[in-house]
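Heads up, there are several structures right after this.
The following pair of complexes shares a single chain, chain A, combined with chain B in the former and chain C in the latter.
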Partner chain A sequence: MNRALRAQIRAAFSYPEPTRKRAFLRKLRPPGVGMIEMVLTQAAYIRGRVWVAAGAALIPALLGAFRLPGNAARLMGALLPFSAGIAVLETRRSRDYSMAELERATRFSLRSVVFARMLAIGAVDLGVILLSAAALSARSGLPVPRTTAEISAPFLAAAWAGLYIERTPLGRRHGHLSMAASALISALALGGEDVGLSLSALPSGAWMAASGALAVLTAREVCITLSRTEEWA
Partner chain B sequence: MGSTDLEQIYDRIYRYACFRLRDSHLAEDVTQETFLRYLNSGKAGGGYEIRYMYAIARNLCADVSRRGRRAPLQGVLNAAGADATEAALDGIAVRAALGEMAEADRELLLLRYVNGESIGTLSALYGCSRFAIYRRLKRARAAFRRLWGGDEG
Partner chain C sequence: MILRADRLSKQYGNGIAVDRVSFELREGVTGLLGANGAGKTTLMRMLTGVLMPTSGAVDADGIPASSEAYRALLGYLPQDFGYYPEFTVRDFVMYFAALKGLDRRTARRRTEELLERVGLSGAAGRRMKTLSGGMRQRAGIAQALVNDPRILILDEPTAGLDPGERVRFRKLIREIGGRSIVLFSTHIVSDVEHIADHVMMMKAGRLIWRGKWDASNGSLEEFYMKAFGEDAGHETVCDAAGL
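Let's look at the complex of A and B:
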């Protein structure tokens, strides 16, 4: 169909200009975004090293389930705090790269962006922990809840400590203090037995209570971090 | 999505509603209702999907037509007031040819050549394959060429 004819057809289909268009579109609110879509969108912005750190923690679990000699749970406990530490660093990324002002100008609040990122990382980390616990329990014969508590406690401790440090003035100035806390917790998880801290001898109930308490503390820190995200940006 | 894009979507839905209802006031009501219903439908996660909006507009237009609120013809069949220049005469001929075409064919021409919708959008809107849309377009063009009597090229 040639251009002239198209123009004729367009002219033939001409209608009166809409009179209420501008006023209507000005008042129109943009379409909302669902939680899952928001999390998936933000997950794409999370740096690769976060996913690598989360995935790396799976390796000793899988090796431990099949052939790694010694206590694979201890090795897991030593690796997961770094995964938590790197995840905590994601909460300050907007500040570190001076993106906060830009992100605050978008139709999503900075708080919801940070929350979506934390949810994405948290979901993957939770998956890694549960998968690891299942693999390690199959090998060691210990109950899954006990193993889950044993490997999640260092992760939760590092997440809680990292988030706590991040909200102190010193922590906000020095981004890698939370990683130092992760390293300390990792060292304790790995070498605690050697310095007389016999954590593996603790009963299952103690592990689960400790994990539960740390989960509550971490959740509280997440809430505080989210509520003050805009203020710190 | 920028305000220009939104305005374009508004215009496309408005033209479609005008075509179906032949009443600009009702068409504007339907256009705005289409936007509101689309936003409340839960399909508006990542932006505006035009095929869903056309489907909503089509249903709304059908509701309005059923209520018998069709006003006198405007737009496509309204050749009144055209100047007696060659271009205007061509325009009248085109309008007359379009007026004699089947409504479904006219709608397809409007969506494809005036609103600029893609074949993919049209196939999703009509629930048929892309080949079927190509065939229907070819048939509509042939009917138009026959009725208009011009050199389509």
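Let's look at the complex of A and C:
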């Protein structure tokens, strides 16, 4: 049908008045929302200070990977646990501010909200780890998997310890305990060599096995945290 | 749409907060009356899917309360609620619009519309923590309505509202009741008399009376006082109202 004919028809006949249009529209199921959209929505509502704090840990770590002479893995290992600690703290935000009741009654449930927040911060952390690992490998000549394992192990250890602490009654009452665990892991990563923990001398296989195990433990803690989020709220 | 509660019970240890409550609600406003501790909040939390019943079930046209599809139909205002300290009133409502799956454009339009309806458009940019209790309650009402819910559950919605705000709220709820199932709890009898088409009364976890209240039944306030007097049992209550 050509445009002129369409215009003539439109001019000749008026549109019928909508009847029960609103009732019909309300009966339609709302469109689905994908996980990426959910993560982006939640990312927009993560407090500015959380991003600032995460940036304070991640930006020096990233700059260190590109700028510092020699192997900067120690510095990165010391900074990334704080970013993990910040992600862990986000899991308790609804509870801390008594928003859990309202969030649980929404379409996506509190579990999805917490998961989306962890994913938003975790995705940024992962991006920094991978970028830094590539930069560090190029500078140090070490293989990328080893460098990735070396800088992600302290991050994963802090995430695992923080989530574990958060699910204990004491940890649920005191949010700063998980951050204290991050500080301890950071101190170990930075000063471990000075107290006889020669971590950098470990073979690549040991690093990869350790970070693999920590990744499994962290994933397990994430699942436990999500499954109990509504119970703890 | 029919909201159905089937032998709903909630037990905490040896105590029963809600005891085998069954009812069906259709579009319209239902007031849930009961003294403190009668089990109103527990019942409402089970109806929203926030609290799992010990036994029994809730569904809306066969959609179980534990499903996403059910929560998509729902608007809920709990008795107490918090807010993130950095939120403005607009952020607060927009946040729940996002959690209820509204696209950004619709969310913005609905938020502005509702803030106007609850008299908060002038305070849309103010932080939640700077609001009075009544204003906060109105923001809570706006978030409950943002997805144009087909089931609206309000726990003590008039608490903290001044007389002017209460009149405005009654008008709003009556209008929503024309197209949605609205259940609100209160212990203020006049709110029920002014807004509700139907009344349900709870005592000690049990539904002791439900039905349509009209003037021929006498004063709801008197009926309520008898129902919640120390010695008033189920039979006494029904006899008193000639039911």
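Heads up, the rule we're going with is that the second predicted complex is superposed on the first by the 184 of 233 C-alpha atoms of A that agree within 3 Å, B and C clash if a C-alpha of one lies under 4 Å from a C-alpha of the other, contacts with A are read in each partner's own complex, and residues count from 1 in each chain.
To be clear about the criterion, a residue touches a chain if its C-beta (ideal position, glycine included) is under 8 Å from a C-beta of that chain, and two chains touch if they have at least 3 such contacts.
As the structure is a computational prediction, the values presented were derived from the model and not from experiment.
Asks: Does chain B (first) or chain C (second) touch A:Ser109, or do both, or does neither?
Replies: Only chain C; A:Ser109 stays clear of chain B.
Asks: Using the superposition on chain A described above, determine whether A:Pro169 touches chain B (first), chain C (second), both, or neither.
Replies: neither
Asks: Can A:Pro203 be said to touch chain B (first), chain C (second), both, or neither?
Replies: neither
Asks: In the overlaid three-chain picture, which partner chain does A:Val33 touch, first (chain B) or second (chain C), both, or neither?
Replies: The answer is both, since A:Val33 touches chain B and chain C.
Asks: With both complexes overlaid on chain A, does A:Ala12 touch chain B (first), chain C (second), both or neither?
Replies: first
Asks: Which partner chains sit in contact with A:Tyr45 here, chain B, chain C, both or neither? Use first/second/both/neither.
Replies: second
Asks: Looking at A:Arg20, would you say it contacts chain B, chain C, both, or neither? Reply first, second, both or neither.
Replies: After superposition on chain A, A:Arg20 lies in contact with chain B alone.
Asks: Should A:Gly141 be classified as contacting the first partner (chain B), the second (chain C), both, or neither?
Replies: In the superposition, A:Gly141 touches no partner, neither chain B nor chain C.
Asks: In the superposed view, which residues of chain A touch chain B and also chain C?
Replies: Shared contact residues on chain A: 29-33.
Asks: Where on chain B does chain A make contact in their complex?
Replies: Residues 1, 3, 6-7, 10-11, 14-15, 18-19, 24, 27-28, 31-32, 35, 38-39, 42, 44-48, 74-76, 90-91, 94-95, 98, 109-110, 113-114, 141, 150, 152-153 of chain B touch chain A in their complex.
Asks: Using the touch rule from the top, collect the residues of chain A that touch chain C in their complex.
Replies: Result: residues 22-23, 26, 29-33, 41, 45, 47-48, 93, 97-99, 101-109, 113 of chain A touch chain C.
Asks: Under the touch definition given earlier, write down the residues of chain C that touch chain A in their complex.
Replies: Against chain A, the touching part of chain C is residues 48-50, 68-69, 71-72, 74, 76, 78, 80-86, 91, 95-96, 98-102, 143, 147-148, 150, 179.
Asks: Mind listing the chain A positions that touch chain B in their complex?
Replies: So the residues of chain A touching chain B come out as 1-2, 5-6, 8-16, 18-21, 24-25, 28-34, 37.
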